[in-house]
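The structures come next, written out as structure tokens.
Shared between the two complexes below is chain A, which has chain B as its partner in the first and chain C in the second.
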Partner chain A sequence: MFTPTVFASILPEILILVIALLVLVVEPFWKEEKRRNVGWLVAGSLLLAMVISFLFGQPGEPTATLGGMVRFDWLGFFFKQLFMFAAAVTALLLMENEKVGRRGEAYLLMLASLIGMNLMASAGDLVMLYLAIETTSIPLYVLAGFMLADEKSTEAGFKYLLFGAMTSAVMLYGFSLLFGFTGTTDIYQLIGKLQPGIATFGVLALILVGIGFKVSVVPFHFWAPDVYEGAPTPVAGFLSTASKAAGFAVLIRLFFVAFPDFAPSWTLALAILSAVTMTVGNLLALPQTNIKRLLAFSSISHAGYALIGAVALSQLGAASVVFYLAAYILTNLLAFGIVMAFSRVTGLEDLKDYSGMSRRSPWLALMMLAAFLSLAGMPPFGGFVAKVFVFAAGIQAGYVWLVVIGILNSIVGVYYYLNALKYVYLFRMPEQDEENHPVPLTRPYVIALAVLAIGVILIGTVFAPWFSWSDAAALNLF
Partner chain B sequence: MNFPVLSVITFTPMVAAVLILLLPAQRKNEARAVALAAATFALILSLWAYFNYDQAAAGYQFVEKYTWLNLGQLNISLHFGVDGISMPLVLLTGVVMFTGVLISWGDDHPHVMAGIQDRPREFFAFLFVLASGVFGVFVSLDLFMLFFFYEIAVFPMYLLIVIWGWIVTREYAAMKLTLYLFIGSVVSLVGVLVMYWVAGQNTGVYTFDMLQMEKAGFSQTFQDIWFLPVFLGFAVLGGIWPFHNWSPDGHVAAPTAVSMFHAGVLMKLGAFAALRVGIMLLPQGAQTWSWLIMMFAAIAVVYGAYIAFVQTDFKYMVGFSSVSHMGLVMLGFSTLNRDGLLGSGVQMFSHGVMTALFFAVVGMIYDRAHTREIPELGGINKIMPFATIGFIIGGLVSMGMPGFSGFVAEFPIFMGVWGTQWLVAVIASISIVITAAYIMRNIRQVFFGELPQKFEGHLTDITILDKVAIVVLCLFMIVIGLFPNFMVPLVQTGVDNILRLLGGA
Partner chain C sequence: MVPLSWYLIFAAALFSIGLFGVLSRRNAVAILLGVELMLNSVNINLAAFWRYGDVSQMAGQVFAIIVFAVAAAEVAVGLALVISVYRRRNTVVADEINMMKW
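Now for the complex of A and B:
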């Protein structure tokens, strides 16, 4: 039973487990001051794990392993690499967080959640899928409320837990009905077993609730701003990127593979959700004065843009979703990383506190420029190409109205992203003495932010290899 | 031709921008030196390309093609090449970039706030990113890449205006400009994507290559529907009435070099993209809607000139005169005949150089006198004779005086319009009178007349670098005016290609 293929299909998860055990063993023997070095350990070994699974864990033809529980294909593989990259960066960013980074448990919880995400991306069975989603979520609940002394963090943890438990129960109900109707839990066996009818659409709606929560689609988005604001910033960054992308991985695999028969109904539902999500996210981002809340609403709206690709229900559509998520993960991690680097020195998180930042730290300001312009969808950064591909897929599928809504929304987006940059570049500190208030960067930040910034530019200029991988991943859905 | 001259021209500013950013923030003069070196290099290369363009062979030359993405139904390539329309514009960009750097160098005199003293490193880096985008649009033959560079040319404007602009209106004007241009470009984007899929369905070849898309065979209905969004979306940047509102505000708020770039080059970018994508890819749609474009353009020509006439702010006056002159470019497009298109092609270059000169002179005066109110100025000639001569030459070009490039450009445009709608030609020609009126009035009031008491002893002459910039700009206007052969046959080859697509001659 345990053939090399089976081994390769869960190789990344095995490696992550090894890293987690290593952390567990090593951490207690390190002195309190040295414990932040767990971050170096985790980031380095995750990078190694990426290389190893890239060398030995590449999928060939899509296969089902472990009794159909896990699908071994490019879709899962590409997402796993993305998640591990995001986790490695998050580990670096965690190190510099005084309250969280000195505790080994934080890294351990993140790794546990990472295993869950990896399995979400590759689950081939509803049972496995549900387990994976819970494995992802529960450690994240704890991480969001990690700073026990901080009221906002505790609130964030609780809010996330309540919303998460509620929606996951609804989704589980949907899964069990699905099993009742079809007699199978294998995602790849579901196709053709469902009869069209009101009950089926009810089931799809229940499942959409659960996924909608993970990717924070309106109207299941209420947790996002509060949780992002309250949670430790590295955790918020991880939540808004990897966790969201994992939700999308589930969405496209489940709906593209199992329910293409009912496409006109759920693609329309997704199209409406997408339109509402973009609009609400962007309009609510406009009045925000706290940068983490701004990024929270902006990340809601980005879920809406990415959904356009899913609505298209074509290979190009799926590829553009995957590509969008890759670009978005890099960009948003960069944005959150900058927020962290800035507030570690200043302790401030309001937009107005960013006044004079370009004089205090020109390089940090430039990276923020890259991140925000990429979010706004400007070249030569990743966000531009990603948006164009998603829109192209939408138009190809005939959803011109949805693309027009997307475009109107990106105009709103340009407004508030540029507005934030105005604080960075134009306004000055009250005493105009920026030279005396530099924003020094420590080594983990320099490495993490430089890698991300270069990545954001690379994915926006030399986009052919990235898009080819996204396309190979999308191919497995058809 | 093995030397990839176009991509070197396009990426030189980008590389220079990165180099400048790598310098320490205190090394202001080094940043300026790198900028000047890169600008000189780009200017020399574009001159070289201009004189090596083979007019007998015509067509697209210096062609480079690298596959960028080739996957299923997505085909994007880095496909560069210039024809008779875009070659002068590449040269124009080189000229404006070079003179813009000279103007921004700065002057250390205590009463002068000339040039860029605050964070010149970032200024030149953003300006050069913009320049790269502009070069990229003019040389791209791939629609995706054209769009890519178009957006690169748009967003640095926001930062350049908001950081170094005129303190009173910069926040308002920068955001207004960016939103206008972004809205225009995304409207075009929808049209471009629709064209892409329809072209693919029609021909079976999915590619963003514009030379392929020219053969897509779009149906008449399709062209009628999509011509307007695509053309107008790009033409927003060309300052077409009634979407011109951002442009005078933007010109006035921008620092001098950015105004030069903006009015001199960026507005051409809009007109060029509207021509290349709108008229050349959807020629039948252009024929259907040419009456509307002609109406818009005629209104812009007269209305822009009239508003310029009533301005008391020197820079607003120049800004509205740009709207008027760009209206002439659009007017030439709308004729869809040989004379009109030829005139537009030359006018884009001529107006670019002329308006860059205007803004440069206005900037020099404002930096020293700290006011742009025309009634408060006077007698500038006594202190800055060089700037005065420059402005007078620019004014003669603006009025369309024979012997200067403006005549070479405007005469064919009016001929072309006369050939299609004589009444429009008559109405539009009113603008020539109004232009002459406000230019003359300004020359008298600002440059001659009494030097106001408060300027006695405070004003200084312009620097040697400013003089070099003025000489370079004037040189091109006079050379084209006296030797139209310098440019007209070249533009003619480009116009022939457009006429072929339009199905005529």
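Now for the complex of A and C:
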């Protein structure tokens, strides 16, 4: 029963659980002012866990372990590494947040939701999938509302919970009907057991509601800007990257493996969702003045771009989604990290407050240039290559109209990203000398931001190894 | 024996009532109650499908039990967040909790 393969398939989760217990044991013994060092502990041990699971937890042929609950393949493995990296960076960013970073519970909740994300990426059964989605969501509800003294934060947690509880209940109703129609909960045995008809499409629509909430596609996106604005900024960064990527992992595994028979209908539905998501996200980002809300709408539009790869329903499509998410996680974490570093010193979050930042902190401004140009899809940064692959997959699958909409939307995106950079590079602080208002960076920020910035450039220049990993992951779906 | 369709219609009705409650009620606690109704309709579906399908397969029952557990956790967190909002604002009416707007 408990063979080495079983052990290897859940090795990352076991290690994360050990880290979480370690945090629980260590934290009470540290003095109040030293407790932020839990961030170092979590980030360091997560990196160690990544190395250990890279050395001992590599999958071979795709297998189902634990009675079909967990699928042990490259898709899950690649996503797990991404999530653990994102969590390690988030831990570094968390420890500099005055209100959250000194509380061990914050790291514990993040690790709990990380276990859920890892299981989301590797779930092979509807029961496991539902459990994993809730394990991800429930700690994130608490984290979003973590700052009890802050009205916006409690409101963010509250809204996130109400939206999340409702959409997950709708998705669960879809799962229960799926179980009834097929008599099995194993995702890999669903194929061929469904009859085409209105009932089946209804079930697919119900499931799409839940996944659409996780990845924040447009009719289910209302929570995203409010939650990103209100939640502690590191948590918002984690939500908009790892949590969204976990939703995409579920989307491509479930729909590519279980429902390819009904492809023309749901790919068309996804194509429409993708077009609407890109357009609405970008248009609503245009008038934003708060940088966190700007990033929230930009992250909605990025979900739309990534969906193009899922619409394609091909190996290139799946690989491009995985690659897009890898580039997007690095880029968006970098953007949120810069916002955090800036507002920690100044306490300000509006776009106009960034005036003269290139003189106040040249390095931070340079990293912001890299992050925003990558988000806009400019070479030589990761966002450019990712967009090329996604659009190529769309063209290959014959969705030319969707790709045209995507390209038009990228142009809209360039406007508001450059608009933010305009404040950073062209404007001066009103009636102040910037020399007197530097933005110093502390060590956790320097490490986290430098790693992310190098990653964004590496993924955009030396993209062959990254893409071959994404391709290996995508191969397991077919 | 009662036909399966009766259970399914009952569950669908319960789900619709719950969804209507979530979308139309303004009180946060009532919204959470609506979510509970939706989750319970899922449990009825699962138990009925299990009973009328292959009874030797435990998947349906196990799924229903896991839904219980998760629903309990979700409501516990939900009520905690409602209380934290109430302490700040002195209200649990969803319409009045609107500091952030697009």
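Convention: the second predicted complex is superposed on the first by the 477 of 478 C-alpha atoms of A that agree within 3 Å, B and C clash if a C-alpha of one lies under 4 Å from a C-alpha of the other, contacts with A are read in each partner's own complex, and residues count from 1 in each chain.
Simple rule for what comes next: a contact is a pair of C-beta atoms (placed from the backbone, for glycine too) under 8 Å apart; a residue touches a chain by one contact, two chains touch by 3 or more.
Just so we're clear, the structure is a prediction, and the values are computed from it rather than from any experiment.
Enquirer: Let me test your reading of the model: by the given contact rule, A:S410 touches which partner, first (chain B), second (chain C), both or neither?
Expert: After superposition on chain A, A:S410 lies in contact with chain B alone.
Enquirer: One more residue to check, A:L11. First (chain B), second (chain C), both or neither?
Expert: neither
Enquirer: Applying the touch criterion given at the start, work out whether A:G230 contacts chain B, chain C, both or neither, answering first, second, both or neither.
Expert: The answer is second: A:G230 touches chain C but not chain B.
Enquirer: In the overlaid three-chain picture, which partner chain does A:F158 touch, first (chain B) or second (chain C), both, or neither?
Expert: After superposition on chain A, A:F158 lies in contact with chain C alone.
Enquirer: After the superposition on A, what does A:A341 contact: first (chain B), second (chain C), both or neither?
Expert: Neither: A:A341 stays clear of chain B and chain C.
Enquirer: So, does A:L46 touch the first partner chain B, the second partner chain C, both, or neither?
Expert: Neither partner.
Enquirer: Write out the stretch or stretches of chain A touching chain C in their complex.
Expert: Where chain A meets chain C, its residues are 126-127, 130-131, 134, 138, 141-142, 145, 148, 151-152, 154-159, 161-162, 165-166, 169-170, 172-173, 175-177, 179-180, 183-185, 225-226, 229-230, 284, 293.
Enquirer: Can you tell me which positions in chain B touch chain A when the two form their complex?
Expert: Interface residues on the chain B side: 21, 25, 68-74, 119, 121-122, 144, 147-149, 151-152, 154-155, 158-159, 162-163, 170-171, 175, 178-179, 182-183, 186-187, 189-190, 193-194, 196-197.
Enquirer: Which of the residues in chain A end up touching chain B in this complex?
Expert: 315-316, 358-359, 362, 366, 369, 373, 376, 378-380, 384, 388-389, 391-392, 395-396, 400, 403-404, 407, 410-411, 414-415, 418-419, 421-422, 425-426, 463-464, 467-468, 471
Enquirer: Show me the residue ranges of chain C that touch chain A in the complex, using the header's touch definition.
Expert: So the residues of chain C touching chain A come out as 8, 15, 18-19, 22, 28, 31-32, 34-35, 38-39, 41-42, 45-46, 48-49, 53-54, 57, 59-60, 62-63, 66-67, 70, 73-74, 77-78, 80-82, 84-85, 87-89, 94, 97, 99-102.
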